[in-house]
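Listed after this line are the structures, all set down as structure tokens.
Two complexes are shown next, each including chain A; its partner changes from chain B in the first to chain C in the second.
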Partner chain A sequence: MVKMLRDTVRKLFDEKKVDMVIGWGEGTLPLSATPVFIENADEADTLIWDERCSNNLAVYLTKDKRHLVKSGKKIGIVVKGCDSRSLVLYAVENQIKRENLVVIGVTCDGVIDIKKVMKRTEGKEVLDLRIGDKDITVGGRGFETVVAKKEIISDFCLHCAHPDAPVHDLFIGQPRPANEKADVYKIVDDFEKLSADERWNSMVESYSKCVRCYACRNVCPSCYCNECFVDQNDPQWIGKSPEITDTLIFHMGRNMHVAGRCVECGACERACPADIDLLLLNKKIAKEISERFNYEAGLDIDEKPALASYCENEKQDFIMG
Partner chain B sequence: MIKIEKSKFSVFIQNLVGDFTVFAPVGEGRQSAFDEVADAESVNTALQNTVQSPKSIFFPQTEVLFTYNDGDVQIPEAADKPFFLWGVRACDARSIMLVDKVFGRAKQRPDDPAFEDPYWKAKLDTAVILTLACNEPASTCFCHWTGDGPFEQAGDLWAVDVGSSYLIESLTEKGKAVLERIENASPAGKTEAAEIDSLRTQAESYLGDLVDLSELKDRMKQMWDDPAWDDIAAKCVNCGACAYACPTCHCFDVQDEGKKGKGKRIRLWDACMFPLFTKEASGHNPRGQAADRVRQRFLHKFSYYWDNYGESLCTGCGRCIYVCPVNLDIRTVVKRFLDIDAAV
Partner chain C sequence: MSEFQPKILAILCNWCSYAGADLAGVSRIQYPPNIRVVRIPCSGRVDPLFIMKSLQSGFDGVLVSGCHPGDCHYLSGNYNARRKFAVLKPMLEYVGIEPERIQFSWVSAGEGERFAQVVSKVTEDLKRVGPAKRLVKGVA
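After this line comes the complex of A and B, so read on.
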């Protein structure tokens, strides 16, 4: 698969169909891949694709990296299902010209969540990793453990219905159709059954760990405002210190702002240096959007976003309270 | 140097809790941090190091400088008990001393105006820091590059975990006073010294190749306009995960929180990665591009601080490598500027 990917990219350069390809390369830690930006055929061999490739690379087309898109360069980008949905979102929101991208899909069975691996090794550092078909073997000083992949892939991936890029120009392997996942909103349903106090306490417990480094926001492809509301200081919308009320306003504000735009890639949760569970609120918003508007972000370039269109048969119960 | 059995560790902590606020490594994974403990059972003794650094003990993420109410200004009272830190690694003990050059005793150069930050000093001057030798450095550790080592002696007390017991040595008068409180300790002798040597050799063998940083300061400055910075910054997403995990990053913001003449002035962590950090009142931002901010972070660590204080502002703890969401590895950046084969 990796060889096919490299051959494909090499060919794209040889045929002058791309000026740059954004993909993943080998990282410096056993469990990490790292984004790479390659500009010629020779560099194609630095590309890798496996369960460590957890970043959503679409993020490199907006925000501080917008100059890449503005340069008019023809950009190839290697994508998982979720990443390709971010590109669709960008096209729908007029952030990119679809024809300037060469979207290279790869078969995805989910990416590793490092905190789950660390739980399995009981905190011991992983120095060696071997990826098999169904499981991975992690080793360190004085231990080696075999873990089934499904036990260490991100919770977001466990809930993923579109693992293979629904929109692509090239595909490495054979893309599979969307799958129906049962119980995708079970954690939300369970949460909604709690009392208001219990929900509040759970939120406080979870989000009080936040250090406000904004890694979640900065790795999120859907968060690309020129200036985020938390960075504005005239007027200043929220306090900058990690007081729980301000922190919750940041997170909930972010969730609301990506409502109907979140592709549920889970990059936010995997980036969090404090291991905060960010899945729940993402799923809550996804559930609302799905139930109210029967909409999933990033699947159809010609469909208007849920919150930027209106249908007469939409639920209107919120108006009557 | 004395020896205390690990079975007496809880007595040791208990003995201190009355007179000190005791901080020690607690928690697991990326939530591991130095936190206040009431007993030895809460201490996580299995960690290589905490992911959150101990800098927050002396330089909290948010600190109230004073409160005000209709012209009446109150400065918060200092903590009633001195701090005792158990189990700080050598890199972190040194990081506290590096930040202390800025906040605590800034008169490093004759032309420096003397300035002492009262909030920092009140906490640090009375604190007792016990450094625990690092028997098993992580693969992200590179303290030997920055002039340190897993068994370097630092702080007020220095301890080594030799399996069934801790060997503890006092390095300062403050440390000595704590050591004298310990009952049931036996003196350590030649056998223990040999044990320490063997553990030190093993620990050092876990570290990677040594890189000499002496030319880095000038190299980075000479390459101020080099396109290498754009390459390095390409993958950076400009979050503050590295700066907030870093034990030596000490930039801060000051904010007033309140209304109608009543409120508080707080000092809080800030980071050079954030655009707002340097945005001026006019709207102009001298570090408007992501690459400008990435360059600032590395130049502050390896060049500007070096100019002011004669060493780098990095202790090789490796936290930034561990928390970076895009695996932008500080070691790779350093190697690139020293022309050591490394792809960024």
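After this line comes the complex of A and C, so read on.
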């Protein structure tokens, strides 16, 4: 798999089809992969692909590498299903030209959530890692543990319906169709069964942990405004301190901004140092949008995001009669 | 003890609901004095943050009212607004805010009577659910 990936990328450079390829390479710690920006065929050997490659690399096209996109450079990018949905979103929102991208899909069975691994090792540093078929062996000073992959896979991946890039130019391996059986909104259904008091208390408890570092926003491929509403001072929408109502309004505001645009990559949740269950709110909105407007972000390059379009005669049961 | 009087922010589209409120006034139709009106150019101008910030700053409820579908002066402002509200309202309920606190309606410039009914309905709803506690700064 990795060899195929490297060969494919080398070939792209040899045939002068790309100026840069964005992919994942070995990180400085055994558990994490790091983004690599490859500029010639020789560097193709730094590429890796496995369960550690959690970053949604699409984010670079609207942030750090935006200048390359703007100057019309040809960029290759290695993508999981969710990452490819970001690219579709960017094309729909006129952030990239589809023809300037070479989208290289890889088969994904979910990525590791490091925080889940750390819970298993009780916070002990992981110095050694072996990835097997069904499980992962982690070791460190005086310990070695085998954990089943499904126990340390990111929550978002557990219920992912589109693991293999629905839109791609090249694919390493064989892309599988969408997983129709994925129970995508289960956690939302469960949460909805709680009483209003329980829901509110649980939200307050969870979001009280937020330190307002904005890591969730910074890694989010769908958050690419030049100036975010939380940073605005005039008017100041959100108080700067981690006060609970401000924090909740920040998160609900952010969720409204990514409503119908969130590709459910889970980057926000994995980035959160406070281990907040960010999935719960994201998925609620995705569920509403899918049920009401039959729309999922980043699947169709010819379809506008749900909140940027409308039908005249759609259901308006939430409006007073 | 005197009855609880909810404070309600009414965000009204200039072209229809605001004029509807005006008509209710000049026709001397009685309705509860619980609303504070903010006039906006179109319901499409309503940012979800307006609604959340109103609740945060102590309003017991927010009513947004615009032109009927098909009658928006900017053609599609209310359709776009409707999509936003279709997501915002369930999201706020989901986190535990009472549904009565966020209400939407369509009221035209000629519907003074209807405007009064809408305000009465929202006021009654909010009297029933009582003062806002959730999402209010300094309270929750």
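Everything that follows uses one rule, which is that the second predicted complex is superposed on the first by the 312 of 321 C-alpha atoms of A that agree within 3 Å, B and C clash if a C-alpha of one lies under 4 Å from a C-alpha of the other, contacts with A are read in each partner's own complex, and residues count from 1 in each chain.
The rule is short, and it goes like this: a residue touches a chain if its C-beta (ideal position, glycine included) is under 8 Å from a C-beta of that chain, and two chains touch if they have at least 3 such contacts.
Keep in mind it's a predicted model, so treat the numbers as computed, not measured.
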After the overlay on chain A, what do you see for chain B versus chain C, clash or fit? fit
With both complexes superposed on chain A, which partner does A:M118 reach: first (chain B), second (chain C), both or neither? first
Does chain B (first) or chain C (second) touch A:V59, or do both, or does neither? first
So in the superposed three-chain picture, is A:M256 touching just chain B, just chain C, both, or none of them (first/second/both/neither)? second
Taking the superposition as given, does A:K284 touch the first partner, chain B, the second, chain C, both, or neither? second
With both complexes superposed on chain A, which partner does A:D133 reach: first (chain B), second (chain C), both or neither? neither
Where does A:I319 make contact in the superposed view: on chain B (first), on chain C (second), on both, or on neither? second
Contact-wise, after the overlay, does A:E243 reach chain B, chain C, both or neither (first, second, both, neither)? both
Looking at the overlay, what does A:D302 touch: chain B (first), chain C (second), both, or neither? neither
Angle at the Cα centre of chain A spanned by the Cα centres of chain C and chain B: state it in steps of 10 degrees. 90
Minimal inter-chain CA distance - chain C and chain B, angstrom: 11
Both chain B and chain C touch chain A at residues 239, 243
Show me the residue ranges of chain A that touch chain C in the complex, using the header's touch definition. 191-192, 196-201, 203-204, 229, 237, 239, 243-246, 248-249, 252-253, 255-256, 259-260, 281, 284-285, 288-289, 292-293, 306-312, 314, 316, 318-320
Flag every residue of chain B that touches chain A in the complex, lowest number first. 28-31, 46-48, 51-52, 61-62, 136, 138-140, 234-235, 237-241, 243-245, 253, 255, 257, 266, 268, 271, 274-276, 279, 289-290, 321-323, 325-329, 331-332, 343
Which residues of chain C touch chain A in their complex? 48-49, 52-53, 56, 69-70, 76, 79-80, 82-98, 103-106, 118, 121, 134-137, 140
So in the complex, which bits of chain A are touching chain B? 25, 27-29, 32-37, 46, 55, 59-60, 63-65, 115, 118-119, 123, 125, 127, 141, 209, 211-215, 217-219, 227, 231, 233, 239-243, 267, 270-275
